[in-house]
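Heads up, the next two complexes both have subunit A, just with different partners, subunit B and then subunit C.
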Partner chain A sequence: MLRHNYWKPTMLTPVLAFLALIFLGPFLYMVWLSLTDLSFASAEHNGNFIGLSNYVRALWGDGIFLASIGRSALFTVLCVLPQAVVGIALAEFLHSSPFSHKILSPLLAVPALLPSVIVGLYWRILLQGEFGLLSHYASKIGLPFATGILSNPRLVLLSVAMVDFWQWAPFVTLVLLAARSSQKRAPLEAAWLDGASQLRSFFDITLPGLLPAILAISVIRAIDSFKEFDKVFILTGGGPGTASEFSSVYIWRQAFRNWEFGYGAALCVLVYLFIYLVTQIGLKWSHLAESQ
Partner chain B sequence: MSRKIVVILTVAILVAIALVWFVSRGGRAINETPSDSAPQQGWNLPNAARPYKGATIRLIGEDYPPLQAIDKMKPDFERATGIKVEIERYEAEAVLQKVGFDLNSKTGRYDLIIQIYFDMGRMVTQNQLHPLADYLENPKLHDPSFDPDRDLFPVWRSMGWYGGKQYGYPMMVLTMYTWYRRDLFDDPQEKATFKNKYGYDLGPPETWKQYRDIAEFFTRPNQGLYGTLVQGKKHIALWQEYLNFLYSFGGSVMDTKDPSTYGPIGINSPEAVKATEYYKSLLKYSPPDSLNFTWDDALALMQQGKVAECLMWTDSTYALEDPKQSKVAGKMGYAMMPKGDAGIVHQIGGQSYYIPTTSKNPEAAYLFIEWMLRPENQIRQQKLGGASPRKATYQDPDVVRLPWTSVSINALEHTHPAMLYTVPESMQIGETIELAISDVLADRKPVKEGLDWAAVQINKLTNGKAALRYPTSAH
Partner chain C sequence: MESFGRKSMKRAAISSRLAQLLLVIVLSVIILLPIIWGFIVSLKTRADALSMPPNWIFAPTIDNYKTALVDGPYGRTLFNSALIASSSSLLGMVLGIPAAYVFSRARFRGWKAAFLGILTIRMAPATVIALPLFLIFTKLRMIDTYLAIILVHAAVNIPLVVWIMKGFFDEVPTEIDEASILDGDNRAGALLKQIAPLALPGLLTTALFCFINSWNEFFLALMLTGYTTRPFTVAVPALMTPHGTYWGQITAVATLGMLPGIAFGLFARRHIVKELTAGSIWR
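Entry: the complex of A and B
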């Protein structure tokens, strides 16, 4: 038995080394870069160690970055909440309707399988002012702002969130449908026998049972939405102005347009820490929900 | 018998050797087109290329007609020199990224890059570009019949020189000018209605007031027609279009005549404020989604005949005049930029050939550049969709006949020497302008506040080397 345990870590060593090389190595390099002034835009900034200066600059001197974090957070809420709510409702509907379940379930996976770049291009064509198919007909039926849906600073976050909804709400539904299908029917039947309505039994029995899955998918989607890049870059480029400039777009701008690698790395570390913190809180809630 | 065999074999070998010698001479004669053998001082391309025969040069650039033309022409160079040319074509942003990664990581994938010239200063200060004097002064490499100062437009120095040294040659010289719907402008009924409303004849706009009047006149959303368009997406297109207005109204980004030097910041001057207010006023006559337009969208809208006039680039004109792609081919007119307080000022741009210091075959790459810049190749590239930096190209009868040739060339006489600067922070300055103007156009900031913000950012970016000239609100 002892000999068996001795071999376990030995067998795992190559995999752990590989993971360390692939994931930990670049991350540590990024942390190191964040402590330097490396910039390929300036000959003077050739990677000198500058301590925490980049972090100080980001947190106390870069209002655009902080605003972009706030924007990403708002976008995350705009994405996750509707996707979770609609996902729950659709999952319940599909669970109660085996025919729809059979027909629609395979289709639900399709948008999530498309690369985000393609989704962005596809929606850009659909929403291209009054010449885009969707925006054209939306303006014909008199919807306000229909022809400026991607260029109106007040609407742009909602527009991008709508595209994200199209891509990911079906996937959220699929996950919740799987969780719903694994729930036991007995407690529900007992509730119905006791005279509980469908709605009452849904809120008192089904929904609490789904909570761990809802939290898990919400955390995954929140992480994903917070680092959204592809679609927003193609749809709006972060504009108009900074109206849709998420932290990911801002970091890209610093690192790959302005070539400020040191500063860009510091911003990445900060975003990582932010996501880590939020994820930990989400997971804590998830565990709590599970234990209850 | 055996002697007979020896004799026959000897004769056969001699004949084979003679044949090989003859064919090899003949082959060279076929490959060596007249243009490949410059008679002056005994220089010719095959001889110059002999040491590099078998080498491969890898080139990267933006995937659009000028580079597609190079792709079509390269087999001639390969046949003449034995040097293989591999071309990678990508979207403009992707080229910036790939070149950036290659040069910064010193990978050495590319022997020759075609890059927007305002990024030159950054690359030079990072020691990423090879000075070309080594090759230009090398009689084995340089074709003595080519004199850049004599043969190219003077702007070639802005596009190829930095800090008193030559680093590049222009691949194309672009200008922006006015595109207008000649069919609409020549329509007698439109002319009469316009004169009745504005009190002067409808024609290509000569002033910015006329430009806006015409835009207003043709804005008819119910007919699917708009007067003009603004390339308002936060994108490089916005920065470049805006400069036409800024400089024409008497403003500037930095007050300097040399694009590679810093000057006092003029982006928040009263003239710049006026220019920006005018630019913003055009949104009323532009399609509703203009704040999400780049030059690609602008071209597509023009091709569909949805817009009456706009400012656009030389290299897009081919696609506009291609009946396969455009509903308005043959119906377009081209005019000089309208006159502002500072006169007629055209935005210029373009991309240049540069040889990275990490190039594995810099000499072969240099030979390719000079070959591309030959008169006959420039004419060929021009016809395939180029914008030649070589003056003589525009004397070719076929090129002269193109409806936009005269305007695009005259425009070169009306540019500001430092509209697009080559200081190392150029791209960042451009980003700042994009952001500021995008905010202003979207009503997220008042004009003066947006321009003040840009001025402060440029001052910070350049570490104070570009000084603030006009007072700014706190940022």
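Entry: the complex of A and C
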């Protein structure tokens, strides 16, 4: 039977059925839940249909939710931009210096492959107040706020972004280095022969060639940092106050601490929709950049 | 004059080399510092662990490893991690590879929708997956079973398997399938006997990648496992208790928990980049 055209459905159906069972079915169930008042915290709210009330509440009545979305968006920018810029610079450096490449590149993949919970815990050991190794030395040399970097509401987003930078900037470098290495040398050499400076030819030739890779890795990193949960959960638990409460942490609190499943489901649907739409726009951009 | 010029050029080359070396050292220290400091803390006594100014010279002890793994429940949690990660990556590979092969070899109505649909799963925040499954598994009394978390981790890894393995299958010429079919094999035979062996390096790295993903995963495990089935990623943060944080034990278990990722990063680096850039999602 597999010899003719039946092999396609035969090989594809199991995986599609499995994904439908684990993801699609539960997702549709969650969409239904988002239209109910299901909550384990009160006996009356046992899943009555309430229409779009949860969505109205989230979008027009819940300033904390909207603030957490804004915070996640800000955090995404704080992660993606520095990682892309430093990644580009380091990739160019390693490309031009084979011996640095040889020593450093084995290490570059490591942080991204560590459990992010452990990354969070280890940076807590380094940064927490007076007992942190780094905060201790930082305050010794007189840096302000050194011992409060995780408990200062104004610095905490930067601190978490710094930890994310540690985990992911090396990996971004690795990806861009691969893209850089596959570029052809001829256009660069021609530009040098024409008297273009190193810097000029980098911005005119190398960088535009890297653009698709830069956009691709930025979109991936943006999705991941918008979803960030593990590290911030361990590092700050969303605090101090709500200073680092990302949308993922807020939804977790609504669903699994306040046991408001109907409302939590609506928040999940909204955030997923948001990520989906923004990603589509990002992909459109990267297609445009690639076709140019 | 000329020799002087050559000498200064040589000097410039040496100093540029020194600057590069310095940069490489600084970057390596930044990458390695948290890992090494964690390892150092794991070899200290509880009183010593976070004493400031930090003790760099001390008598190392393996008490933390003994307390956590032998006397405490943390050996079990590492075993749970291994069991969940290996089962889920096996299941994910078995389901994902045939799909990757179809996506590589065939075009059909709905191809793009199915392929992108599978990849869209990667965008879902963990809460989106965890919230309905938590309620469903609670109803089915499957919370705190290995089966529940293995199924979910397998499903999370399938998009990755499909995406990465499609890239590897694309590199195997279709003539090989055709020859195998002319020899009397069906498609499944061609995939198993001819294509899979050719894509073996990719197959192994993909499997290891799935293993690492599941091994490192925290949120879904936090929501769907319980005391008997929890992996180390869920158990270790629980050592931050209201009556104190057991940093020695945390770093002991964490050091062991980081070994798969470190080993994979050091030895399979080239493949990782290829895998993650091979995806044709962006076209």
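The working rule: the second predicted complex is superposed on the first by the 282 of 292 C-alpha atoms of A that agree within 3 Å, B and C clash if a C-alpha of one lies under 4 Å from a C-alpha of the other, contacts with A are read in each partner's own complex, and residues count from 1 in each chain.
We take it that a contact is a pair of C-beta atoms (placed from the backbone, for glycine too) under 8 Å apart; a residue touches a chain by one contact, two chains touch by 3 or more.
What you are looking at is a predicted structure, and each value in this text was computed from that prediction instead of being measured.
Engineer: Tell me which partner touches more residues of subunit A in the superposed arrangement, subunit B or subunit C.
Structural biologist: Of subunit B and subunit C, the partner in contact with more residues of subunit A is C.
Engineer: Output check: A:Phe23 vs subunit B and subunit C. Expected answer is one of first, second, both, neither. What do you get?
Structural biologist: After superposition on chain A, A:Phe23 lies in contact with subunit C alone.
Engineer: In the overlay, answer first, second, both or neither for which of subunit B and subunit C A:Phe131 touches.
Structural biologist: Both partners, subunit B and subunit C.
Engineer: Going by the contact rule set out at the top, does A:Asn258 touch subunit B (first), subunit C (second), both, or neither?
Structural biologist: In the superposition, A:Asn258 touches subunit B alone.
Engineer: Based on the superposed arrangement, let me know which partner A:Pro153 touches: subunit B (first), subunit C (second), both, or neither?
Structural biologist: In the superposed model, A:Pro153 contacts subunit B only, not subunit C.
Engineer: Contacts for A:Gly239 in the overlay, against subunit B (first) and subunit C (second): which applies, first, second, both or neither?
Structural biologist: first
Engineer: Considering only touches as defined above, state whether A:Asn48 meets subunit B (first), subunit C (second), both or neither.
Structural biologist: Neither partner.
Engineer: Shared contact residues on subunit A for subunit B and subunit C?
Structural biologist: Overlap of subunit B and subunit C footprints on subunit A: residues 130-131, 256.
Engineer: Residue numbers of subunit C touching subunit A in their complex, please.
Structural biologist: 17, 20-21, 23-24, 27-28, 30-35, 37-38, 41, 50, 52-54, 95-96, 98-99, 101-102, 106, 108, 114, 118, 120-129, 131-136, 151-152, 154-155, 158, 162, 181, 186-189, 212, 215-219, 223, 233, 236-237, 247, 250-251, 254, 257-258, 261-262, 264-266, 268-269, 272-274, 276-277, 282-283
Engineer: Spell out the part of subunit A that touches subunit B in their complex, as residue ranges.
Structural biologist: 40-43, 128-132, 135, 147-153, 236-243, 253, 256-259
Engineer: Subunit A touches which residues of subunit B in the complex?
Structural biologist: Contacts found on subunit B: 96-97, 100, 104, 122, 125-126, 221, 224, 232-235, 287-292, 297, 301, 304, 306, 424-425, 427-428, 431, 435, 438-445.
Engineer: Okay, in this complex, where on subunit A does subunit C touch?
Structural biologist: 1-3, 7-8, 10-12, 14-16, 18-19, 22-23, 26-27, 29-30, 33, 90, 93, 97, 99-100, 103-119, 121-123, 125-126, 130-131, 133, 136, 140, 166, 170, 174-175, 177-179, 212-213, 215-216, 223, 226-227, 229-230, 234, 248, 251-252, 255-256, 261, 264-265, 268-269, 271-272, 275-276, 279, 283, 286-287, 290
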